[in-house]
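One chain, chain A, appears in both complexes that follow, with chain B as partner in the first and chain C in the second.
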Partner chain A sequence: MTSFNASRQQAREFLLDNGFPTNKDEAWRFTNIQPIINQEYDYGFHPPSNSSNKNLLLSDAYQINIHSGEYNNPDQFSEFSLTSGCTIERLVSSENNSTVKALFSTIVPAHQDAFTALNTALFQDGLIFIVPDNIRLDKPVHFHLENEIANHPTNLNFRFLIILGKNSKCTIVLSNEGVGESSFSNFVTEIKLSDNSQLDYHVIQFGGENDHQITNTGISLEDNARVHAQYFSTGGKTIRNDLTVNLSGQGAECDIRGLILGKNNGLIDNHSLINHIAPNCTSNEIFKGVLTDTSHGVFDGLVTVFPNAQLTSANQKNQTLLLSKDATTNSNPRLQINADNVKCSHGSTTGELDMDAVFYLQSRGISEEMAKFMLIQGFALEILDSISNESVKNILQQAIEKYLIDIKRTGS
Partner chain B sequence: MTDNLKIIERITQQEYKFGFVTDIEQDTFPPGLDEDVVRRLSQIKQEPDWLLLWRLKAYRHWKSLTEPDWAKVMYSPIDYQSISYYSAPKKKKELESLDEVDPELLDTYNKLGIPLEEQKLLSGVAVDAIFDSVSVATTFKDELAKAGIIFCSFSEAVKVHPELIKKYLGSVVPITDNYFAALNSAVFSDGSFCYIPKGVRSPMELSTYFRINASNTGQFERTLIVADEGSYVSYLEGCTAPMRDENQLHAAVVELVALDDAEIKYSTVQNWYPGDKEGKGGIYNFVTKRGACRGRNSKISWTQVETGSAITWKYPSVLLQGDHSIGEFYSVALTNNYQQADTGTKMIHIGNDTRSTIISKGISAGKGQQTYRGAVKVMKNAAHARNYSQCDSILIGDKCGAHTFPYIDVRNPSAQVEHEATTSSIGEDQLFYCNQRGISAENAVSMIVNGFCKDVFNELPMEFAVEAQKLMEVSLEGSVG
Partner chain C sequence: MIIINNLHAKIDGKSILNGINLTVKPGELHVIMGPNGAGKSTFANVLSGKPGYEITEGSVQYLGKDLLAMSPEVRACEGLFLSFQYPIAIPGVNNMYFLKAAMNAIRKYRGDSELDAMDFLKVIREKLKEVNLDDSFIKRPVNEGFSGGEKKRNEILQMIVLQPTLSILDETDSGLDIDALRTVAEGINNFRNSDRSFILITHYQRMLDYLEPDFIHILLDGKIVKSGDKSLALDLEERGYSWVKDQSSQLPKA
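On to the complex of A and B.
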């Protein structure tokens, strides 16, 4: 592979040649990136503040804090490696690592889109995390980022390279809590799952009022590997997630779930591509959205079944609840099928709260307000059902409750 | 799966049954398109100035556009300068009755199994038969006239009812709508016009048979149907075309307008030449069809059975402007050999309490590629809109593709929008079950496919339902051996 510098240079050239997308580009039709790109950013590191928000602390996890690209305590890596048997290193100092050489910028290539190119050209740092063969981690690994308030809006381009060895198992939580003024975080995550490995992957995004979060994740699965990926996004000015799952090994399985809770004038935009490349693979995808105020939710999912991927089973579902008259949703659940012996389906529903159900609850002595609260909560909680880690589940349940109390307070 | 392989083989080897050429002298423009061609065309048709200006405006707009490439279809670029933009059977004299129609022409219809006399006598269907670009025979006109219904060729309507044409032409599909609509607006040769007055229920099904005959002649039909308050009309359109090696372009525009309490039912059975089994030849069908439910409680329903054409690019849409208006779209599309279809619908909810239903069934065989592309849009002020969409596909053979691209855009919380789709092959267990009960594999496939399409066939008027089932049977005939 090429050196980081060469990759940076190539990505830079790609960006200069192609520019940023506009709403004329199919994949960016609903994502207004003007507020992101018309801002001057500070690319420096800023020390973490002491007023760290503790919303996102898991009770029992290997916690690794990434604050504006700097780490709380570099020693945490060696300590972590010792206790877990895994390897974790800073990307910038791993340029000669053979795994990095082999995989860097291959699962999510820089030319995939402008923001990936931007990340590849300008990444301040990243982490490489390797779970060796047959290691099964008992506790989740939690990467936590807080966007700090700096004097200037900051742009953090950060990368993850995650490799699970054969028969290994692990839970990874990646959380991003934006508190900064117009800060912009741009993450690229590359994940490779070897044969029979199993990954629970959680992305938790709490957007600050004016911040922008963009993630681009690529997951490549080999024979019988399994991934359970979960996106939880709320708040923010712009949240845009791109996810590409390549089911390249026979018998691989993916279960993708997402919940977006939109408020104010935020945009939460989830794009996913699931590629059934090998036969006998299964994919399940469900995204749910609750939108209020003038928020805008987008789901764009494409499932592609390649010509040889017989015996594929693919499901895709998107459901959105609109709570205010100014909320907007776009749903494009797409299927592209080139093999005949497959079972594929997709569905999409959009609507407001079922007033019959509200009435039913009211007739049982539950106030209208409470009835609505319960119904929305029930709708949203379905997404959390399959989370096996209790402390992750608790955090998300609390976030849902907080969201519901917030919207009740603002009277929408 | 040897059975299935045989199916594919048999299907792919099926020759187009209606491929023959009628030898009639034709008045044809040399290939090419410029302002002069538009002027000459307008002159031949003795059109008023306003229409010529309208055409020229469309032509100038078309020149500023580039051909769209977003559809999931592949074809070599079309040379618009190699197409002749006018061709008409030589006019001998005004025709009074069917006897005066060129016998050779009548013979063509007989071969197609749509003898005019028979239809006139037996089925009670009024046929405005279009042979290439000029209407040659119009039947049942008197009977319709009695009810106050205007049903005539487009050029006649321009002469006799200019006020109606002026009011409605381009009001649903403006010249600036898209590349092919702009081209059609500039060079449309003829078509049908239909006006149903207030409170009239059309006493018969109206139908037009299109037929592309002259080599290298693009067909640019224009259909305009206006249903005035409280009226009802069912319009049938069916097509077959002779076998040709060169690709033929068909860019039609259909505009429907439904006023208060009016209902329009538009049904199509399309069986144009799909190209041979190497994918050579075949019709390019780039059609813009759109209906506007302008009035309260109005209803527009599109039903289509698409088995022909090398490439289909077609999205019959409904603008639901009036409160309580209803839009429906029922479609069966079959792609075989190298056929490609990118088809679907758009339902734009603008008025309050509007409803739309989309049922789309796709069957892909051989190396066919099929895409359902649909949009459901609920505008901000469209309260209580309701949409239900179902798009299912069956794949026969492992070299074909079926794709589903729905676009759902909701801007009003009271809307209820549902979409569901499934894609699968005909299960071996289903075939086995039928075999077990003494049903041959061939009949079983035909049964399963017909059952799969039933929701749509049920929506067709009786005459077409029969023809549609026949078409499906022909396509699947001998498919299992």
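On to the complex of A and C.
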């Protein structure tokens, strides 16, 4: 492959040639990025803070804090490698690593879009994480970024390159908690899943009032590999996630779930592309949204079945619950089928709280307020059903509860 | 227990209840029968406080208080219970969580201490047997994917768990198989005592074979046009409603 410098240079040229998207670009129709790009940033990391927020501490996990520079601690990595049998290294010092050489910028190519290009041109660092063949990690690996309050808005471009070897298994949590002053984090994550490997991948985004989070993720699956990817996003000014899943090996499976909890005037936008390239693959995708105040949710999902991909099974669903008159949603589930022996379905529903259900609960003595709480909670919790790690599940359950208490307090 | 006086109600501008008078004393079981669309469910809904109805005339005294001034949840806490004709499913909220929340809301209202999970489980296990539902039902979302008969048994389960003073059962017998009908009737019979009252809405005589109703009322066009003892139900079974309609059309308009 080309050197990092050459990749950076190409990405910079792409960005200069094409510029940032506007709302005339189909994929950015509903996503106003002006507040992100019309802003001057410091580049880099915020200093570690003592008042670190403990919302996102998983019990019993390998935790690597990106914000405080712990990722930059070789001792921690070697200790981790010893106990787990896996490898973790800084990306900037792994340019000559053969895996990096083979895969860097191939799963999520720089020219995919402006923000991937921006990341590729400017990434401050990243991590490469390799789970060797036959290693099955019992504890989750948790990468955590916390955006502290700083005097200046900060832009962090960070990357992950994750490889699961054959028959390996692992849970990865990537969390991003913004509390900052118009901070802007821009992540690119490239994931390769070898034959028969199995990944549980969680993206947890707690946006601060004014912060922007963009992620671009590519997951490439070989024969019989499986991924369960779960996005959880709440708060923030702008959260935009792009996910591409390539089911390239026979019998591969993906289960993609997302929950967005919007409030204030935040925008949470999930775009996904699921490509059924090989035959016999299964994809299930469900995104749910709860929106209040003047928040805005976007779901855009395209499932493409390639001509060879016979015996594909694909389901795609988007459900949104609007809790206020001024909350809005745009839902665009799409299927493109180019093979004949397939089973596919997709659908989208948007609605308000079912007042008959509220009455049903009230008729049993439950207050109207509590009834609404229970119904929204029930709607949201369904998305967590299939999470196998209890500690991750707990954190998300608490986050849902916190959101519900917050919106109750503000009276929406 | 409850004194309903000249109750009139409209929905979307249309009059559905046109002057209902009914008094139920402690321990009594009243049956309301009447053709489709007569206003039976509307009557039940209005008593339990479902929003959307406009009460244009009349009053309801329940245990000496003005029922119509209470919110639905306060009515429930005061011991009123409605078994719905069409119980709705509530995806995502499991039956156990729901029942525990309901039971504790009512206990709290009455100044009793809340039950913890263990005590609650004990209560619920025992009651499940009474309505012949197995334990798996309390782990499922409320009514989600329940068969018609299972939904009705789940309503009765809620009744015997929440221990209301006045139970309004809207066609709880519809959709039950022969054995379930007997189970539900036995559940109601076991639950009956001299303090608890019932208003049972039904189309059929069947369930009445198991229960000893004190009164049968016929509701027609939003009014009770005829009342009698349990032999009235047998007459209806045989002759339908046409003779009642003929009689009532000869009555002077109220």
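The criterion applied here is as follows: the second predicted complex is superposed on the first by the 402 of 412 C-alpha atoms of A that agree within 3 Å, B and C clash if a C-alpha of one lies under 4 Å from a C-alpha of the other, contacts with A are read in each partner's own complex, and residues count from 1 in each chain.
The rule we apply is simple: a residue touches a chain if its C-beta (ideal position, glycine included) is under 8 Å from a C-beta of that chain, and two chains touch if they have at least 3 such contacts.
These numbers come from a predicted model, not from an experiment.
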Once chain A from each complex is brought into register, does chain C clash with chain B or fit beside it? fit
Could you say whether A:397 touches chain B, chain C, both of them, or neither, answering first, second, both or neither? neither
Does chain B (first) or chain C (second) touch A:382, or do both, or does neither? second
A:363 in the overlay: touching chain B, chain C, both, or neither? Say first, second, both or neither. second
Can you pull out the angle centred on chain A between the C-alpha centres of chain B and chain C, to the nearest 10°? 70
On the superposed three-chain arrangement, identify whether chain B or chain C touches more chain A residues. B
Is A:374 contacted by the first partner chain B, the second partner chain C, both or neither? second
Which superposed partner A:313 touches (first chain B, second chain C, both, neither): neither
Taking the superposition on A as described, I'd like to know which of chain B and chain C A:355 touches: first, second, both or neither. second
Once the two complexes are aligned on their shared chain, state how close chain B comes to chain C by Cα atoms, in whole Å. 14
Could you give the residue numbers on chain A that contact chain B in one complex and chain C in the other? none
For the complex, give me every residue of chain A touching chain C. 354-357, 359-368, 370, 374-375, 377-382
Could you list, by residue number, the parts of chain B that touch chain A in their complex? 70, 380, 393, 395-425
Taking the touch rule as given, give the residues of chain C at its contact with chain A in the complex, in rising order. 48-51, 71-73, 75-77, 81-82, 84, 87-88, 90-93, 97-98, 101-103, 105-106, 109, 141-142, 158, 162
Can you check the complex and tell me which residues of chain A touch chain B? 26, 307, 310, 320, 322-352
